[in-house]
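Presented sequentially are two complexes of chain A, the first with chain B as partner and the second with chain C.
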Partner chain A sequence: MAYVATRGGERAIEQSQRLFKAEMGEITPERVAEIRAAMPYLIDRVMGEASLYDEDLAALALAQTGGELYEAVLLLRAWRTTQPRIAVAEPVTQEGLFTHRRISAAFKDIPGGQVLGPTMDYAHRILATEVLDGQVHRPDPVEPAARPSPARQPSVAAWQAENGLLTGAVPDKTVGNDIPDVTREPLLFPAKRAHTLQSLARAETGGVLALGYAAQRGYGQAHPTVNELRLAEAEIVVTHPRGTQFSAGRVKVSQAEVVDKKGDGLRLGFAATLGWNEVKVIAAATLDLNAEGAPKGAPTEEEFFLYHTEGVESSGFCIHFKLPHYVTFQSSLDAMRDAKAQKAAKEKSPEPAE
Partner chain B sequence: MTLQTLTKPWEPMSYGFLDGSAKREIRRKMIKAIAVPGCQMPYASREVPMARGWGTGGLQVSLTLVNPAMRVKVIDQGADDSVNAASIRRFIARVAGTPTTMDTLEADLIQSRHRIPEEVLREDQVLVLQVPNPEPLRPVQPNMSIARQMHADADYGRMWLQLYEQIVRSGRVMQGASYPSLVHGRHVMTPSPIPRWDVPKLHMAKHLTILSAGREKRIFAVPPFTRVEPLVFSDVPYKVEDHAGLTCHRSGTRGFFMNEIPQDDGSSVFEVSDSEWGVKAIRRRDGEEVALGETWYKNGKMPS
Partner chain C sequence: MTALPQTLSGWTHAQQLDVLARADAARIKAFAEPLIADLPEITVIENRTGLVMLPMRDTAQGTHFHLGEVLVSEAHVSAGGQEGYGMRRVRDLEAAMAMALVDLAIALGHAPEACAAFLSNEARAQSEADTETLRKVEATRVDMETF
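Coming up: the complex of A and B.
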């Protein structure tokens, strides 16, 4: 065949993938297990953005992509979407969460107490360079408190609602498969409440942070006070076809309530996600807080931030610009050259003045 | 009843990758799209094992339509051998067991990014166009909720104004590809970023065209024998790219949409954008017996 080597593209693809994989070497079960054990917060972030809670699959996705987060999330999402929904779990309530960490910036102390739990918030961020010199960095053992903090605690917003400071959300009675699922239906606006919270839960951490930060800095109308930040484990209770309810296991979740004064009350912003990811839920709750009444086109408007924090879509579109665009480009060039030629012709032979 | 009876034996992948519920939704949305030509139908748009913006909308439609007897052709910017076209073709063949082809005449289903082949498509062929941005109103109204309302009201005044402003500023309509077009006299759609050269091929065509935007989650369609009219003023005629007089430097074929290839000496040569048309022209020139189909454009002109 005299024309291009038509299969050349496929050979090139194959070799380019080999080149990429060569850099990472073998992917072994041990490597996957090590990633899972050593990087719980990375695993959590990926699971949250993928909206798929499976630490092994998340670790595998990270191993397979060499830690390219957008790619890892896409791998998990593409796998997740083909899986059947075999059951819908019972609603998880704030007071039912097995709580590891729960702090409030709104009050010095809160019912249930301020529970620091696991955090590096007050650590001095100094690199442990001695590890590179061959020393092992061994964490000191945790000393249990004399009195353990209660595992289950009410939400701060519930206390505020009781005291007439804010109007609590109207409980949504929708159950089971009637709950809107943004992974099975298109997102339309004004968005269903379930779609909004699900989209924020799946949103890309960096994207939510960028827009949430913009709102916090002053591009939003509301200044958030962290009413409550909670890291917890949620019991996943499902109903067996025989009718018995049982726990299918626990998943790590994080959630944030932020408030701002509105008239003589408080308005509440809320976000939750799978895995422990504090930055994401505070930023997402800030966006939720600011969404109501935000003008069209503002970064705090629901349509704006839900579209633009969708990591799989935004990253995919961004890298699609690498694809050839020569047909579209040629089409624009043609219009440009023609307009130029017309202009030149006009200047050459100016129409007689009237 | 046990959990086991509620599920099927585990398989790593469904036929055609997408699961039954995803395909059912896409079929329903395609039927709606065909029923209201040019109107954008929202759909869930599942993730597929390819990045968004890389043909995932077209791919979902193709994966829903294919069966093992369907012959599939995939092109990107007119070329079958473009890396992403090769990747999509390989994926469809791998998950659906379909035979593939590069010849437009042999294809039952053609998934394309930004071109319509030069050979006339038949009643039995389906064209699936990948769509990056399904909303023709985006340049004048980036908010999708408002744009949706404008479509409902057939409120296209700002579209017309935009075209008018281009004529005033530049002496002509400056829209390159994605030329906004009125479908069946009701909905303005973007034909996807096909060149203006290709838009007339959609008008009263024998084949079905399905346009699908994966990232933006919209499907729309041009059913067979449907009017597709580029938005033009009655005194400023529609103008396709000035390619009628160009000759392909490799195949010698003339009167089709061309790729411009810049040369070291500052000049340009051209090669035909529909790569398989070029291949077939070369093979015929070299004495092979090759079936060339009827083309939409004849001597560089689209018969009206």
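Coming up: the complex of A and C.
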């Protein structure tokens, strides 16, 4: 066993961190507030992957890391460990969501109808270059309808179950601290469904998209159609010391169901996350839909996609390869040189014929 | 014997707490502060930030799973044999304490008219904000026809 010592490392590390931070300049409360106000979808993505909902902390993490998303998520996950868990809220239900966007690609006449909500799905993608010439880009204001949309919308899946298209979901009596939690227990395979859905909720968006896209392109067993997609706000229902349940506020959530034909019925894949991030939940629901019976090593196999979409672990593993591996690499070189020498020696003195 | 905690006329305890948790931070602090002088000696049991884990119900199989944790501020106080409790989203210990103090004041039957007026105003503001949001959402409704 050998070690390599680095001289001057402490100073170099200190200066390298200063160099990284120098590019960003001062981090001020105003900068954090501006990031929070101007980039809600980036904030949502970071909160979802960090599994920690607080817009101010997410904006601060982005400011502090210069937008290096893996660092920002790592910073938030690390900070999270400094906080006590005060409570586990009541489970959020689809029917209880304060709904901003709700569409279905499978059925046009879903109960409650379809509202597009905030989306750029149907927009021309034109860069507002006039801003670079000194002009201000002011979006046109929304023209509100005379009457409000219903805050709560019925479940498409429940309607399908009532019509015999789906097997209805079985009520789960597990609540509170009894709900399996991957932050407190290991992820083992075959995974508990609660672990699978929690892992997908906190998974890295790009990783989930890559593997979900692979399944959508044909490397999966099922072709997804979006049964229901929602962007909404969920109430955080907690309990007062006197036993009264109340909402401590709302958080943004995204939820997707994808559907495929199975025999003479339909089957659903499901995913949800903190914040509004519909690419992630559609891709994650596609993986959930395809997981059953997926062959070992396929992108749709549960162990494969859960291990490879955990952003903090995968980015950490990836970047660890740039850290000094001098001794192990030298050992590989020694073995290679030894093999070469043995081969050369063999070629020089061929074995005598028998 | 300790008296039962009171609630405002026409309100349930849950409704009071829902409104207080979403009340404007500056306004609830301004409202709660003058209440302190007329309340019995207050014991602060807790005033901290922490996390609330938020589970969700999966619509495919019905499984409860964890979406992630939400940062909250919490305050728990007692006075005159009653408790006051506040929990609000975000990192604002003063706002959580203000909520707990208003909850305590109501439980003790202190300044019920002022508390009712404050809650009514906040409830109206919250309802108006929700309606305004939902009117904008309704503007994006689509009706589809098959040809």
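One rule holds in what follows: the second predicted complex is superposed on the first by the 345 of 354 C-alpha atoms of A that agree within 3 Å, B and C clash if a C-alpha of one lies under 4 Å from a C-alpha of the other, contacts with A are read in each partner's own complex, and residues count from 1 in each chain.
The working rule: contacts are C-beta pairs under 8 Å (C-beta built on N, C-alpha and C of every residue); 3 or more make two chains touch, one makes a residue touch a chain.
Just so we're clear, the structure is a prediction, and the values are computed from it rather than from any experiment.
Peer 1: Check whether A:D56 is in contact with chain B, with chain C, with both or with neither, and answer first, second, both or neither.
Peer 2: In the superposition, A:D56 touches chain C alone.
Peer 1: Output check: A:S247 vs chain B and chain C. Expected answer is one of first, second, both, neither. What do you get?
Peer 2: second
Peer 1: Does the superposition put A:I282 against chain B (first), chain C (second), both, or neither?
Peer 2: neither
Peer 1: Decide which partner touches more residues of chain A, taking chain B and chain C as the two options.
Peer 2: C
Peer 1: Touching A:A106 in the superposition: chain B (first), chain C (second), both, neither?
Peer 2: In the superposed model, A:A106 contacts neither chain B nor chain C.
Peer 1: With both complexes superposed on chain A, which partner does A:A72 reach: first (chain B), second (chain C), both or neither?
Peer 2: After superposing on A, A:A72 lies clear of both chain B and chain C.
Peer 1: Kindly classify A:Q198 by the partners it touches after superposition: chain B alone (first), chain C alone (second), both, or neither?
Peer 2: So A:Q198 only meets chain C here.
Peer 1: According to the stated criteria, A:I35 is in contact with first (chain B), second (chain C), both, or neither; which is it?
Peer 2: Neither partner.
Peer 1: Quick one: is A:L274 in contact with chain B, with chain C, with both, or with neither? Answer first, second, both or neither.
Peer 2: The second partner, chain C, only.
Peer 1: Which partner does A:S332 reach: the first (chain B), the second (chain C), both, or neither?
Peer 2: First partner only, chain B.
Peer 1: Do chain B and chain C touch any of the same residues on chain A, and if so, which?
Peer 2: Of chain A, residues 80, 83-84, 86, 183, 240-242 contact chain B in one complex and chain C in the other.
Peer 1: Touching residues of chain C toward chain A in the complex: what are they?
Peer 2: Residues 5, 13-14, 17-18, 21-22, 48-72, 74, 76, 83, 85, 87-91, 103, 130-144, 146 of chain C touch chain A in their complex.
Peer 1: Name, in rising order, each residue of chain A that touches chain B in their complex.
Peer 2: 1-10, 12-13, 74-75, 77-78, 80-84, 86, 183-190, 240-242, 296-297, 303, 307, 312-313, 315-320, 323-336, 338-339, 342-343, 346
Peer 1: Within their complex, state which residues of chain B touch chain A.
Peer 2: 1-3, 6-7, 13-14, 17-19, 21-22, 25, 42-49, 51-54, 56, 76-78, 80-87, 90, 102, 113-115, 132, 142-146, 170-178, 193-197, 215, 217, 239, 241-243, 250-251, 257-260, 273, 275, 278-279, 282-283, 286
Peer 1: For the complex, which residues does chain A have touching chain C?
Peer 2: Contact set of chain A toward chain C: 47-48, 50-57, 80, 83-94, 98-101, 108-109, 113-117, 119, 142-151, 155, 157-158, 169-172, 174-175, 179-183, 193-198, 201-202, 228, 234, 236, 238, 240-242, 244-251, 253, 255, 257, 267-270, 272-274, 288.
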